[in-house]
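Two complexes, one shared chain (chain A), two partners (chain B, chain C).
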Partner chain A sequence: MSVKKLAKEDFAKFVEALIEKDNVIGVQAKGERFDFAPLESAQDLRLDYDVTLQPPKKYFLPPKEVLMTFEVGGAYASEYEDETFVLLGVHPYDVVGINQMDELFSQDNYDTHYMKRRNNATIIACDVVTPSENVFASSMKTAVVKEGFDILLTDLGDSYVAEAATEKGEALLAGAAEADDAALQAREAVWAKNQKALNKHELECDAAYLPKLLGRSYDHNVWDDMARTCFSCGSCNQVCPTCYCFNVQDDVNWDLKTGQRERCWDGCLLDGFTKVAGEHEFRDQRAHRFRHRLYRKAKYVPAKIGGQIACVGCGRCVGACLPGIANPVSVYNRLIDDLGIG
Partner chain B sequence: MSKPTIAIFDFACCEGCQLQFVNLEEELLDLLGVADVVEWREAMSEKSDEYDIAIIEGSITRLEDEEKLKLIRSRAKVLIALGACATIGGVNKLKNNFDDLDEVKKCVYGKDASKPHLATQETKSVGEVVDVDFCIHGCPIDRAEFTYIVRCLVMGKTPEIPEYPICVECKANGNPCLWDEGQVCLGPIIRAGCKARCPSNGFRCFGCRGYIDNPNVEAAKEVIDKYGLNVDDLKTKMILFGSRQEPTIHG
Partner chain C sequence: MCQCCSEKKDIYLPELATVVKADAMNVTEKYLKLSMDGGQFDYVPGQFVEVSLAGIGEAPITITSSPTQEGGFELVVRKIGNVTNAIHTLNPGDKLGIRGPLGDGMYPVEEAKGRDVVFICGGLGLVPQRSFINYVLANRADYGEVTILQGTKCFDQRLFTAEIAEWENRDDVVMLETLDEPDEKWNGNVGVVTTLVPKVKTDWSSAVVSVCGPPVMYKFVLMALEEFDVPHENIYLNLERKMKCGVGKCGHCQINDIYCCMDGPVFRYSDLATMPEAI
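And then the complex of A and B:
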């Protein structure tokens, strides 16, 4: 696949042309922060952003969606959104998040709702220009990505290096000039810098060691200590690019004969998340729920996706947690300090 | 199967939650297709002593209202508390913050304070007087939540009313946290279900849906310290809907 170079003004034209022919979701300012939103003009695009409020996950797994319509006791039909779209400006750590979700939603019971959206998406990633206040992607080895996007953009000041990684990406970049050696070297320099610089919280072990660390930490007092001030508000879940738990509910229409089955986000920190028939709740302690999230990130989910740690170091949970206890690195480092690496 | 009958009663309140029924407009006809409304003072003149579902709006502030509510409870198979006044006592509970209720009455009613129909007592939520089967929270209620609950009951299903706090819906809406913008938002301790309407429009949560079942007081203390505030800063924000609420923190 090819690597191209576009002057910034040509890139703006590229974006305008993209907006003409597809639904483009791009990163834009939202107050003093940033978020993904439908892009109407290249001028609104902010590829210099630090981090978005929500990860791009919601375009594949919306906070609420209709899975199917049904007749009570009768026929049913799946409902799908089936429109192409472009996600423009996905940071490498979020690309890794999407890659992990793809694996999870395509294994076991293949999730057609997620995968249909995913297959309709074109992902244009971009290397980080402004590290966010809480990013620790360097620690999680997600500061730079080599796969999982259609195009990867790297900002070189007055131009972008644009690498096509798929046929889709190749077609979009067809008209652009090849990148010269100087541009490729400059891109290597950006990668080398980001591999170290996206590290506002530094994990004191290799991320690959985390599943073993947690294997020795289930009864550690860190869980009770940290969860003492946990609101169980699920903010950490709600902003996480790799939290994918959901609830499913039926609602009937006023005719009481037809209805729809809806799926909405859930969160393992929430009181009631584990409530089952008969009002039994098997994780009713805050500390147990607090522990569960971090075990999902660094032990349970990794076991399902070839050992990849399911925390990509975006740092959103760190910023979203009002009492300031959600930072995974703080917890893992405390365990390392206490238990050592062995 | 015959349609279930519904009776709607109001006590101390602004009747704004009932107004939300009227605001259903065409959907009101759908509702009347699945249930018969047999008493509803705000919208019809008929009355009835027989009903399956009693919907109670307003808080209880007089002895005679307590008696009336108990009678309604004895007649209804299902009793629903509607809106903040009914579910948590609402703004009417502000009065309970004063020790001398006679003084409060004189302040409000002046020379008429001694008239018999103004013989009021401490404000109670509906649940402090009778057993409540379901709460429809909010000031005012959310129409979509109300119609969902009605459909569930008619179908014989238990409606799912959120046990989690506002932050869940607020974050899903992609909002920045209002605490970071200097607002003392009650979102982390207040029950969701309103789709975080106030914070999504830039205004802190007032707490009209009442506290979640298990709010974390330790966490609240930690957060007010972190933001350089004191307990009174938080309490003044909680007073509007959270006054003397302890006995009514329920589902």
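And then the complex of A and C:
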């Protein structure tokens, strides 16, 4: 696949052309922060953003979606959104998050609802220009990605290096000039810098060691200590690019004859997440729910996706958590300080 | 446009089934016999289905019939939530949605062959166990001694009383029953189901022990079995968890790193040794 170079003004034209022919979702300012939203003009695109409020996960697993329609007493019919779209400006750590979700929703039982959206998407990633205040992607080895996108953009000041990784990306970049050696070297320098710079919270071990660390930490007092101030609000779940637990419920229309079955986000930190009929709740303590989330991130889910740690270091939970206890790095570091690396 | 998804099955889409028979068993439990409108429905004891009532929702229910029984499959549903309350209003001829059978952790019908089998049931726990019990009884010669222990809270909550009476009358089954809170209608054993365990005459070193009951029951049954040094790999536990999807995605039924829906709902006790959340 080829690596191209686009001057900034040519890139703006590239974006305008994209907007003409597809649904483009791009990173834009939202107050003093940033978020993904439908892009109407190349001028609104902010590829210099630090982190988006929400990860791009919502375009594949929406906060609420219709899975099927039904007639009361009659048959059920699957519902799908089947429109192509372009996600423009996905940071490397979020690309990793999307790749992990792809694996989880396609393995064992193939989730056609998630995968249809995913297969309709074109992902244009971009290297980080402005590290956010809580990012720790360098620690999680997600600061730079080499796969999982259609195009990867790297900002070189007056131009972008654009690498196509798929046929889809290649087609979009047709016509652009090949990147010269100087541009490629400049891109290497950006990567080398980001590998270290996206590290506002530094994990004191290799991320690959985390499943083993948690294997020794189940009964550690850190869970009780940290969860003492947990509100069980689920904010950490809501902003996480790799949280995908969901609830399913029915909604009946005004005619009382037809309706739809909807899937919506759920969160393992919420009280009642494991409650069954008869009021029995299997994970009824905050500390156990708090522990469960971090075990999902660094032990349980990794076992399903070839050992990849299911925390990509975006740092969103750190900023979203009101009592300030959600930072995975501070929990893992405390365990390392206490138990050592064995 | 995405082609692959249109060729793959929607894992969340129920298929229609018709109620063939519906009986109130007592105030809270209803028996249903269902037939899939699409025809064939193959399952193994221990598997469950997601039952859908359009507009109300879905609930996971373990199949109570044995695949050795012909003519549809059976469920017993306790009236305790939105979906189960609605299931109680169903009559023969009514339609409902079914996904399944689900669950890769099933009762060890093959492994138990040639060995004694002890069923320990608490209350509604008889419902899933009945699938395994009737499978064993339909292939009676393949198994050793069969002992069924049933503990129920009170007389009026007893289930499948005619079948229990049949099992009591058989020479090749030992049926022991007890009530926690008996009234004047009962003159049998009194106490929780664990009080029956010492009365069992079986080869505890090789018997397959199958346990199902309310969440609180398991640790006490396991303590009682510990007295007889029952090997943990011979004990099978049918666990209940909150489930939404039933296919390993939604996260609700997770027990440490396993999913009750996919890896269970029947588990070998020795496989749960590293799962502190299981019992």
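The rule we apply is simple: the second predicted complex is superposed on the first by the 342 of 342 C-alpha atoms of A that agree within 3 Å, B and C clash if a C-alpha of one lies under 4 Å from a C-alpha of the other, contacts with A are read in each partner's own complex, and residues count from 1 in each chain.
Operating definition for what follows: a residue touches a chain if its C-beta (ideal position, glycine included) is under 8 Å from a C-beta of that chain, and two chains touch if they have at least 3 such contacts.
Predicted model, so just to flag it, every value in this text is computed and none were measured.
Within the superposed three-chain model, A:R261 lies in touch with chain C and out of touch with chain B [touch as defined at top].
Once the two complexes are laid over each other on the shared chain, residue contacts for A:G278 go to chain C alone; chain B is not touched. Counting residues of chain A touched by each partner, chain B versus chain C, the larger count belongs to C. Of the two partner chains, chain B and chain C are each touched by A:V252. With both structures placed on the common chain, the touch criterion links A:Q195 to neither chain B nor chain C. By the document's definition of touching, of the two partners only chain C reaches A:E71; chain B does not. Of the two partner chains, chain C is the only one that A:F105 touches; chain B does not reach it. Common to the chain B-facing and chain C-facing surfaces of chain A are residues 249, 252, 256.
Across the complex, chain A is touched by residues 1-2, 4-5, 8-14, 16, 52, 54-58, 78, 80-81, 84, 94-95, 97, 214-216, 240-242, 244-245, 247-252, 254-257, 262, 276-277 of chain C. Those residues of chain B lying in contact with chain A across their complex are 27, 30-31, 33-34, 148, 151, 154-155, 160, 163-165, 167-168, 171-177, 179, 187-189, 212-216, 218-220, 222-223, 226. On the side of chain A, the complex with chain C involves touching residues 67-68, 70-78, 80, 82, 84, 104-105, 108-113, 115-116, 119-120, 218, 244-250, 252, 256, 259, 261, 263, 266, 268, 273-278, 280, 282-283, 288, 292, 295-296, 299-300, 303.
Of all residues in chain A, only 30-33, 35, 53-54, 58, 63, 228-235, 238-239, 249, 251-252, 254-256, 265, 267, 270-272, 286, 320, 322-324 touch chain B in the complex they form.
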